[in-house]
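Letters A, B, C, D and E mark the chains as written, and numbering starts fresh at 1 in each.
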Amino acid sequence: MTIQITLQQQAPHLAPLSISEVLPSGVCIGVYGPSGSGKTTLLRGISGLSRISGTVQVKDAIWQDENHFLPAHERRAAMVLQSPGLLPHRTVTGNIEFALGFNKRAKPGLLDSILADFGLLPLRDQRADTLSGGEQQRVAMARALAAQPDVLLLDEPLTGLDDEARQTLLQVLMRLKRSGTTCIFVSHSAYEQALLADHLLIMDSGAITKSGSAEQVFAESPPTAALGRELGVVIDDIPVVENVDGLAVVEKDGLRIQLAAGAPPGSSVSIRVRADDVSLTEKSETHSSIMNTIPAVIRAQSSYPDSPFTLVELDASGTRLFARITNAASSKLKVRAGGQVYAQMKAAAITSF
Amino acid sequence: MSVEDLQALWLTLKLATSTTFILLVIGLPLSWWLVRSQSVAATVVNVLIALPLVLPPTVIGFYLLIAMGPTGPLGALTSSTGLAPLAFSFPGLVFGSVIYSLPFVIQPLQAGFASVPQSVLDASNTLGAGSKSLLLRVAIPLSQRAVVVASVLGFAHTVGEFGVVLMIGGNIPGETRVASVQIYDHVEALDYASAHQLSLVLVIFSLVVLTAVYRVWGRSVFTQPRHSSA
Amino acid sequence: RLAVASNFKTTMEALVEAYEREPQDEFQIISGASGVLFSQILRGAPFDIFFSADTDKIERLDKQNRTYGESWTYAIGRMALYTPGRSPSSFLESNDPTDSIALANPRHAPYGAAGAFWLSTHLRSGKPVRYVFGGNVAQAFHYVQSGNTSAGLVALAQLINEEIRPDEYVALPVDEYPLIEQRAAVLNQPNCALTTKFVRFLHSDEAAQIIQRSGYETVDMKR
Amino acid sequence: MSVEDLQALWLTLKLATSTTFILLVIGLPLSWWLVRSQSVAATVVNVLIALPLVLPPTVIGFYLLIAMGPTGPLGALTSSTGLAPLAFSFPGLVFGSVIYSLPFVIQPLQAGFASVPQSVLDASNTLGAGSKSLLLRVAIPLSQRAVVVASVLGFAHTVGEFGVVLMIGGNIPGETRVASVQIYDHVEALDYASAHQLSLVLVIFSLVVLTAVYRVWGRSVFTQPRHSSA
Amino acid sequence: MTIQITLQQQAPHLAPLSISEVLPSGVCIGVYGPSGSGKTTLLRGISGLSRISGTVQVKDAIWQDENHFLPAHERRAAMVLQSPGLLPHRTVTGNIEFALGFNKRAKPGLLDSILADFGLLPLRDQRADTLSGGEQQRVAMARALAAQPDVLLLDEPLTGLDDEARQTLLQVLMRLKRSGTTCIFVSHSAYEQALLADHLLIMDSGAITKSGSAEQVFAESPPTAALGRELGVVIDDIPVVENVDGLAVVEKDGLRIQLAAGAPPGSSVSIRVRADDVSLTEKSETHSSIMNTIPAVIRAQSSYPDSPFTLVELDASGTRLFARITNAASSKLKVRAGGQVYAQMKAAAITSF
């Protein structure tokens, strides 16, 4: 099951676009690129909001080709625009019901389960125009899901939100992605892409300059570029075995990591470790304040062109980690595939959700 | 006030109400189409709707009368479909008033619809709302105030209309003699007292309606909301 | 239904009132500019008798076979020179350059044509005066009445109806201007006894008296 | 076409141009104030401007005539300031037309001004632009199309106006006998050929003007820009 | 010279505000707080765009008190709103000239110097509505400076920009702040505040919950909160002494740091070191891949309430650094004021501008 998109637009007064991609479905496809690179234009083309010539096929359904053009409301896509676009005169429930009204497959109870999923139960009867920005974005996403689309199109849904609201919604989206919803997620935040994208498209001037698994695209980005800096791994659902004063210990297959998190023992958390936060050492005892010193085997190393850095891929008790160190350090530690090292990371540098 | 004055007022109310109703029924989808269409046809329609403005109403009435006459296209239509002729009848008045007041309804509606945020329309569109749903469930609820202003302008303009109505209505008491014609008759007959009286009734009625409408909804159509909500 | 030229409306009301043999609301008086009424009759307006303010329109209807029976002259309009606030003679003699006179449009209003003729023959050639035209004789009257013109050639009927002080106007002799003949005709409509009866009433002396009292001349109906 | 017809057309053009000019001079600041003010006064003014709509134009003309007469307030004003009386003069026509067409100019202008993004106004305001500068240098340039539509509506409505003009103009050839009155006269005189001819000239002229205007600027007043720029 | 602001607003249909602050002038005052906390309301009150009762005094000028209210256009404040609000029909130059037209003190040549400062010379004749989002924001700032205001009010000027554009503008703003322009900078990005704010106000529900020097407010924020995570130091203008393959060595007063930067030897850069990226060690030789091991003296240490972390303030050859380590590590290393340690940070973790 794939998504095939071939869209071409090249006219004086239109946004340029020139795309031909076959993308996996059931995953989150990130679209990253500078302002004006055509990200919104692409989403509008896929959704049918803009009429761009080409073919769009989502799984078995042909949304457009040379002969047919399914209008936006007949495509099983739902788009969350950068501005939430709620119906201001309706309540939260009313907005979700609006979407349910067009969804013939909706089962009874869907409304309540969506309200619950997005933490909207306490706001259910509040008018949309009295909600704060973050709440509005949440309703917009809830509403899009109520349409049970084959593809969820998200155009920078987290921009303009404050840190807290953004973090909350990121977690909602991460849950969504894990549930197998196909979504196309536009964002020029490398951080958000690092957390969400399974497959990443990089756009520039209306064309896709890079397409591949998110990990690969991150790894191949220059280490000082925004994308490169956010390279790292997300380790889902590790059980918390201990928690003292907010310093949690998580453990999985012998991999033991300490980090700041409120989660009590017995629960589990997802954690993210950036390559820039991992250093390597030859000995396990280092007289350092760094709390995590994890034995690992070097799987691979690669150096970047025109850059003083080397990327090291590690296997820590079966879990993959990345470390980015300087070429100089790499020589000093004689890093080579198969070598045995200790990966170090500060407890303070690990984020958890 | 004489029985005839009251009758005329009642007729005016009936005419203005029916006309406003029909104006909305036609004007809402038409304005919606005009706002959304980029076609040449939309420009043509926009121009045609505005055309009645440049001719004196009496002259428009005159041409409508010719069209409604047995030899005119409208007359041919009504007689071939077995309908009663439009001239000198209440339906004819309504027809003429609709033609004549259409620009005053179309204009605020277009302005109102155009100010519905594109993001709301686009989002609703991808959720499954087609053009009709967008009009009924998004554009109209979000342009409530424009709809009110359009109704008021259409209503008021129909109340004050006179040239067209006099010409195609035939000034028949209880049937086509509306208040504006009645006032005109009073003035022509030098019956100033009755003219003043009836004018005053109309003006006060309008004052009340307009004030209420502008106070409650109207002004905000033109004034920016303080918060660009949703 | 009676389609009546606006200037004759009040008089017609008096006539209908006098004709009390049938309940009054059997008659509807529809007044308007003769031209408008004429256009409407051509397009099938449901009028039974047409009282035009002139003869021309009745003749045209005749030619188009739209009338029933003979048409007749129901009244002859009388024109007056109305000069509010002073005497007509002082107006005619004064040399005030701001003097103005209102009359109906000579092109289509009978009173206008008559008034224009009268002015061209009876106004002192040196007198400075500005002409202002009303759409009909009623508008000409508004112009004078509201003080916007200093004089006006209006219908005597209007002055009588408005109870204007006699020293402010002078009724002009009928022979000083072309006859303002107002003709009426029964229209080619399904006829009824009521119409016939009313037409007969209009030819009666009683009706003639009412018409004359209102400021019109009548012709000898029995002629 | 007769010399008189041409004269009437010329007069119409002159009247419509002067009226439109004055309508803009009054309408621009007035609409600006109405859009920005939250006061009760603004509501009252809005209602007063819309009032002429509900009375037949002839009746409005009649009341204007009374007001312009020596005993009326306007008459008193002109005579006390030594101006020529307004009735039956070209300035009087312009005055009447301005009153009567004001709502048609105010309305699109208000809609236009209201759609100037608040952010542009606020930013300009903090940069040092007071209300006058905001109107002249921000609101008007950004509402160009609304200004054009307002001018066209005002112009067209003045061209077609007839009841008021006939009443307060006195139908004086070369002075106050405009094309609409001339057409009316032709119709009254049963000179249908001339009426048709003159109407046709007006309609074609308007068609050309309206099409040009709507094509070039007008539509976009009602159509959303594709990009919400700046 | 101070800025005194006392503003009170409490009415059913108005944004609540209750402020009474005396702020330093000549510095950049950051305003931080969640969505809906009243940040915009505060700026609108100061600028005079909203009429909020109270007093506003900027240096010697009283902008409003009980008796007077100077309208917005007469206040020597210029505001950059979140949406740029340019005059779409004018060119870049035209927009700046608009502001210059109201600035009676403008010297000839100001236009060109501003265009140059903001890198707008190549765009000078382009219409504002054809500019990209980032360019528009740059023009909006340039235009505000052309007004030569006593106070520059910036309402989230960097939100919605892509990473690159944001970084460029951040640098413009940092230059501006160093030049002594008084500005009030609203942003709910802790990162931006960390780079720009000298004094920080934290707002919530229309009131100021915290006010103080930015360093202090950052240091006192919980270490897992967005603000706390961004605690660090910015070291301005350190000369680059060496650059091999993009690995630059900067040196100042004996403090020597390696980092990734393109700057050639002889130039100078500003660098930022986050507390979370600094670890401490007892010995200088650590067998680790970490490139920077800097001798430092512990000036102070403080632990956070209800948190497993300790904040350590260091003096590294006269330059202040922060390190955040766990309480456990702190005990292990016997951290105490006056103690001698080595501060370690990865070259990859240091950002430069």
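In this section, contacts are C-beta pairs under 8 Å (C-beta built on N, C-alpha and C of every residue); 3 or more make two chains touch, one makes a residue touch a chain.
Fair warning: this is a prediction, and the values are worked out from it, not measured in the lab.
Colleague: Tell me, please, which chain's centre (mean of its C-alpha atoms) is farthest from the centre of chain B?
Modeller: It is E whose centre lies farthest from that of chain B.
Colleague: Determine the centre-to-centre distance between chain A and chain D, using the mean Cα coordinates as centres, and give it in whole Å.
Modeller: Chain centroid spacing, chain A to chain D, equals 58 Å.
Colleague: Taking the mean of the CA coordinates per chain, how far is chain A from chain E in Å?
Modeller: 28
Colleague: On a C-alpha centroid basis, what's the spacing between chain D and chain E, in Å?
Modeller: Chain centres of chain D and chain E, defined by C-alpha means, are spaced 54 Å apart.
Colleague: Where the centres are mean C-alpha positions, what is the separation of chain B from chain E, in Å?
Modeller: Each chain reduced to its C-alpha mean, chain B and chain E end up 58 Å apart.
Colleague: Which positions in chain C are in touch with at least two other chains?
Modeller: Those would be 36, 39, 142.
Colleague: Among the residues of chain D, which are close enough to touch at least two other chains?
Modeller: Those would be 62, 184, 187.
Colleague: Using the touch rule from the top of the page, what residues of chain A touch 2 or more other chains?
Modeller: Only 82 qualify.
Colleague: With chains as vertices joined when they touch, what's the shape: line, ring, star, complete or other?
Modeller: other
Colleague: Please give the residue numbers of chain E that touch chain A in the complex, ascending.
Modeller: Going through chain E, the ones touching chain A are 33-36, 132-134, 156, 159-165, 188-190, 223-224, 226, 244-247, 258, 260-261, 275-277, 279-283, 286-291, 306-309, 323-330, 332-333, 344, 346-349.
Colleague: Can you list the residues on chain D that touch chain B in the complex?
Modeller: Spelled out, the residues of chain D in touch with chain B are 34-36, 38, 42-44, 46-47, 50-59, 62-63, 107-108, 110-111, 113-115, 118, 152-153, 156-157, 159-163, 180-181, 183-184, 187, 195, 199, 202-203, 205-207, 210-211, 214-215, 218-219, 221-224, 228.
Colleague: Quick check on the complex: what are the chain C residues that touch chain D?
Modeller: Per the touch definition, chain C meets chain D at residues 33, 35-36, 38-39, 56-57, 60, 100, 102, 105, 107-109, 130-135, 139, 142-143, 146-149.
Colleague: Taking the complex as given, what residues does chain E use to touch chain D?
Modeller: For chain E paired with chain D, touching residues are 47-49, 71-75, 77-89, 98-99, 101-103, 128-129, 136, 140, 143-144, 147, 153.
Colleague: Enumerate the contact residues on chain B facing chain A in the complex.
Modeller: 117, 119-130, 133, 137-138, 141-142, 144, 227, 229-230
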